[in-house]
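Next, two complexes with subunit A in common: one pairs it with subunit B, the other with subunit C.
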Partner chain A sequence: MSDPLLDVRDLHVTYRSSRGPVPAVRGVSLHVDRGETLGLAGESGSGKSSLILALLRLAPPGTKVTGSIVLAGEDVMTMRPGRLRAVRWGEAAVVFQGAQHVLNPVQRISRQIQEAIDTHRSSNKVVDLLAQVGIPRWRAHAYPHELSGGQKQRVMIAMALACDPELLIADEPTTALDVMVQAQVLQLLADLQRDRGLAMIFITHDLSVLSTVADRLAVMYAGRLVETGPAREMLRGAKHPYTKALAAAFPTIGDHASRLAPSGLSGDPPDPIAVPSGCPFHPRCPIATDECAVTPVELASVASGWEVACLKV
Partner chain B sequence: MSSAAWTRRRASARRVWRQLRSDRTALVGLILLALFVTMALTAPLFAERTELQAAAGRNNPDLAAPSGKFWLGTDDIGRDVFALVMWGARVSLYIGLLATVVAVVIGSVLGLIAGYSRGWISRLMLAIDDFFLVLPFIPLAIVLALLLGRSPTVLALVIGGTFWAGGSRLIRAQVLSLRERGYVERATALGASNRHIIVRHVVPGVAPLIIANATLIVPGAILAESTLAFLGLGDRFSPSWGKVLEGAQASGALTLNAWWYYLPPGLCIIGLVLAFTLIGNALERIFDPRLVGR
Partner chain C sequence: MSEGVTPLLEVDGAGVTYHGRHGGPPVRAVDGVDLTVAPGEVLALVGESGCGKTTLARAVLGLQPLSDGSIRFDGLPLPRSKAGLRSYRRKAQLVFQDPTGSINPRQSIYEIVAEGLRIHRERADEGGRVAAALTQCGLRPPEQFVHRFPHELSGGQRQRVVIAGAMVLQPRLLVADEPVSSLDASVRGEILQLLLGLSRDNGMTVLVVTHDLGLAWNIADRVAVMYLGRIVEVGTTEQILSMPRHPYTRALLSVVPEQQHLKQQILTGEAPDPAHIPVGCRFHPRCPVYQSGDAERLGILEACTGTDPVLLSGVACHAAR
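The block that comes next holds the complex of A and B.
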């Protein structure tokens, strides 16, 4: 295998706030190969969205980002503004969460997709892109409010494909959609990825979604990776207690035992300004010992391509 | 621009026009405005421009009451007040509109920059805005007019150059909100430049605000011009309505009860200000649906 399409090393993202610096991402390294889907999971506030905003240097001004981001052999961190604009969408496109807010309510969807095409002088046609995501030609001139939630999300996907990117970053593309529509959108993304050989980063807090789309998983907690490995094996036998809790939060249909034994995590994700010492997960961890509160944890390999940051594994 | 965009724009302009006509207060404003515009356009049909000169009134009686010859009587140097009022419509409208254009352009550009930029540029713009917002208008305008001359154009520039701060503040506030919208973030991620984002997503969002604000600046500018003229600025031989009022006040027309001298220009000022205020309020209601039903 050649170099990965995306290679992130020791990424830190620190926001400025009135309460002082807020470290949202604290040293994350990950990579995505061509044609591969990486599922990025974690609770709200775990740093998933901060991480992907930093990938295209979209973090708000004043945010401190350090580490290295190499996309298709180019260093994103040192890119000149003109090149950066070309790379945005040209090489890596984003399917944002909440298509509602990301589409301009007073412009027709055809015009908004055309906007992406024009920005990068792509040769794609709006109707072709819409056809690929299953939106009929006659809907092209609709306004966003005339479409359903699922259709809007499809429009966002069509827009993401406008410039034939190599990497698709899907930031919780199925939240706020009902389960049936969610399944359709996931199927669409999976098909597109297979047909076009796209690499994809799929962000969600819903591990059950990832089981159908991801090749590999990366689980974030308090701005760090706690476990990363092959998706199927990880969902079946997660090593880190946090991944286990996330996986157990979804009941298995037809399994009465899982309904009667409510699982999940108590407590809230830690305040990024005051992250607990040692393993940041220890205050909520069912198997934590005194040692966990003082000893810092690092990712350690447990199998080929499978790493866990836990003293108890 | 594609022709589809223009068709749509024409359609929305038609819709605004229809809503404006169906609004009774706006209709009153439009009729009043049409009346004053007609006055300004037809002034030469009723009176020669030379009738505004001092020499024109030499052979006429001073402060004569309205008659068949002088519909609105004469002023203190024998000029026809009807001619003064007709020609005054031109001066007042010209100054009011030019001042508004100047104020809207400065206010919109600075408001856009202050709202869209971040850091020291934004703070600098805000400081300039604050400065003009608290400046006492009349002393400033008098000093500027004395320095730069007192022709109608200079007066309009002075008024426009000091009247933009409130509108700029409004536009900045709207831009601050638009800047954080999801579709602006999407456009950034799309690789769009700042110029593209401003032209495509921000300006269309503030355009209705700019238009409604402009129609509300006009009455202020006209009143300001009248005030300055009444205080002695402006050209007596190309008089605006405010200037005519000054002449009436200075010649003691009020104590002599020469109502034909001061009432017509005063009513015209009120009427024109009322017209623009009514239209402006109606436009604001049309463009800002949140005000509907209040």
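The block that comes next holds the complex of A and C.
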């Protein structure tokens, strides 16, 4: 097997704050193969966005990042600024959530996409990029307010494709969208991935969305991975109690167990400054015992390519 | 809804028209809605953005005057006078979408929850009623919360505070507009359990406005599907979500991730525009039955493009007849 496109080893991201250091990511290792989609799931505060920022060295100044990040054979941690700029769009591009806040409201979309092309000396054409994301040629000169939410998200995807990246990082790309538009955008991402052989990291807190797009899943809690494995199998039979709770939060319609029985977790996500001892999930865990509060947990293999960090599994 | 029970809420031919912007055509946000909600029932009003569901919810709360039709609450038409509406709103309360944006960050939890009582000048036993509302909404013990401020609470707790602020007046009807869409996955279930519990244990009637069909499956007794200002299908949750008859409901259900029995049917085209409602069936330009030629085979092509279907036995579609 060839080397993975992205290989992250023992990544730590620690922010500085007035209350002292805030460890947002606490030792994460993961990889993404070429042409593969990794679904990264977790709640707000679980560290998934910090992880993404660190991957492209976009974390705010003063943030301490340690570990190793290798993208297409190059070490991102030691890259010079000029090379880093080229890599940011050329090899890995990010589609952020909330497209309406990222686009410049007083510039035509064609000009905003052209800017991305020019800055990175790409040979792509605006109309071709828009065509690939399903926006008709005559809309190219529209302003963002003239477009619907789904169209703006398509424009963001077109910009991300401007320099033919190998890796597309999509941070909650469908969260603010309607069900029908969400389905359209998911379809578009799936088509792009198939046609261009794109690798993708798809971030969300809605596991059910990942069932349609991801090959593998990685679930984060309190800055660490708690479970990682093949998407379909994991969605059907999650092993970690936190993954189970996330999967049950969005019910399967027609499943009588969830009818008039919404399922959730008690308690709240932990404060990154005061992460609970032992397994950080133990205060909210339905199956935790005394030893969970004191014994640290590590990812352990339960099947081929499937790892879980839980003493009870 | 079972026969013979007087509905708490009766919406009859309701319409809301906004003036068109810059001399444009008028916008029919709500265009002839008939709907009843029984006491103690949880009704989910579902549809895409722009379908008029929030406008209808505002009309139910007396925040948006109707252009035509009527709304009756407990058998009586909604009052029109300022004083009449004020006393009506004691009985019908709104739960906002985003708890972070809808509460004042500089007020303590006590002041936030007591605000309704103060507005309605109900001075008797304020402290006791605030504590009771907090307890009812799962913020126990209430004395641990009353002196705290919103930023000290988690997102789920803040949404509980918002619901407690509505419950403190002991209303008959709660209108919840996307009550969990801004919350994290693990908190979502807890808030839905709270709403379901208020209905089951306290007989609260809940009208929940959402685009989330999973939410309806979790807590609703009945579902009403809205498209372009009109209810196109209504029935029990099991009927609508297991055996949908309207092609729009079928399409909505087919794009829910992880559902198994329907082939995915992604509707193309723009979100519909309430300033230009199509003639005939308002859904026909996006309708899979119409586009696939099935409408022609069924001999209803002319009806689809010429006759506006009425809601008959819970569905407004020529093909479902």
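By our rule, the second predicted complex is superposed on the first by the 312 of 313 C-alpha atoms of A that agree within 3 Å, B and C clash if a C-alpha of one lies under 4 Å from a C-alpha of the other, contacts with A are read in each partner's own complex, and residues count from 1 in each chain.
Rule of thumb we're sticking to: a contact is a pair of C-beta atoms (placed from the backbone, for glycine too) under 8 Å apart; a residue touches a chain by one contact, two chains touch by 3 or more.
No experiment lies behind these values; they were computed from the predicted model shown.
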Exercise. Between subunit B and subunit C, positioned on subunit A by superposition, is the outcome a clash or a fit?
Worked result: fit
Exercise. Subunit A residues in contact: does subunit B have more, or subunit C?
Worked result: C
Exercise. Between subunit B (first) and subunit C (second), which, if any, makes contact with A:304: first, second, both or neither?
Worked result: neither
For this session: In the overlay, answer first, second, both or neither for which of subunit B and subunit C A:115 touches.
Result: first
For this session: Would you check which partner chain A:89 touches, where first means subunit B only, second means subunit C only, and both and neither mean what they say?
Result: first
For this session: Quick one: classify A:123 as touching subunit B (first), subunit C (second), both or neither.
Result: neither
For this session: Look at A:101 in the shared chain and tell me whether it touches subunit B only, subunit C only, both, or neither; answer first, second, both or neither.
Result: first
Exercise. Touching A:18, do we find subunit B (first), subunit C (second), both, or neither?
Worked result: neither
Exercise. Who does A:61 touch here: subunit B (first), subunit C (second), both, or neither?
Worked result: first
For this session: In the superposition described above, what is the shortest C-alpha distance between subunit B and subunit C in Å? Please give a whole number.
Result: 18
Exercise. Residue overlap on subunit A between the subunit B contact set and the subunit C contact set?
Worked result: none
Exercise. Residues of subunit A touching subunit B in their complex?
Worked result: 56, 58, 61, 84-90, 93-94, 96, 98, 100-104, 106, 112, 115-116, 119-120, 159
Problem set entry | Residue numbers on subunit A that touch subunit C, as the complex places them | 43-44, 148-149, 178-184, 187, 205-209, 211-212, 235, 245-246, 248-254, 258-266, 268-269, 284
For this session: Would you pull the subunit B residues touching subunit A in the complex into a rising list?
Result: 118-119, 181-183, 185-193, 196, 200-201, 204-205
Problem set entry | subunit C residues touching subunit A - in the complex, by the definition given at the top | 48-49, 154-157, 184-193, 196, 211-214, 217-219, 237-238, 241-242, 251-253, 255-261, 264, 266-268, 270-271
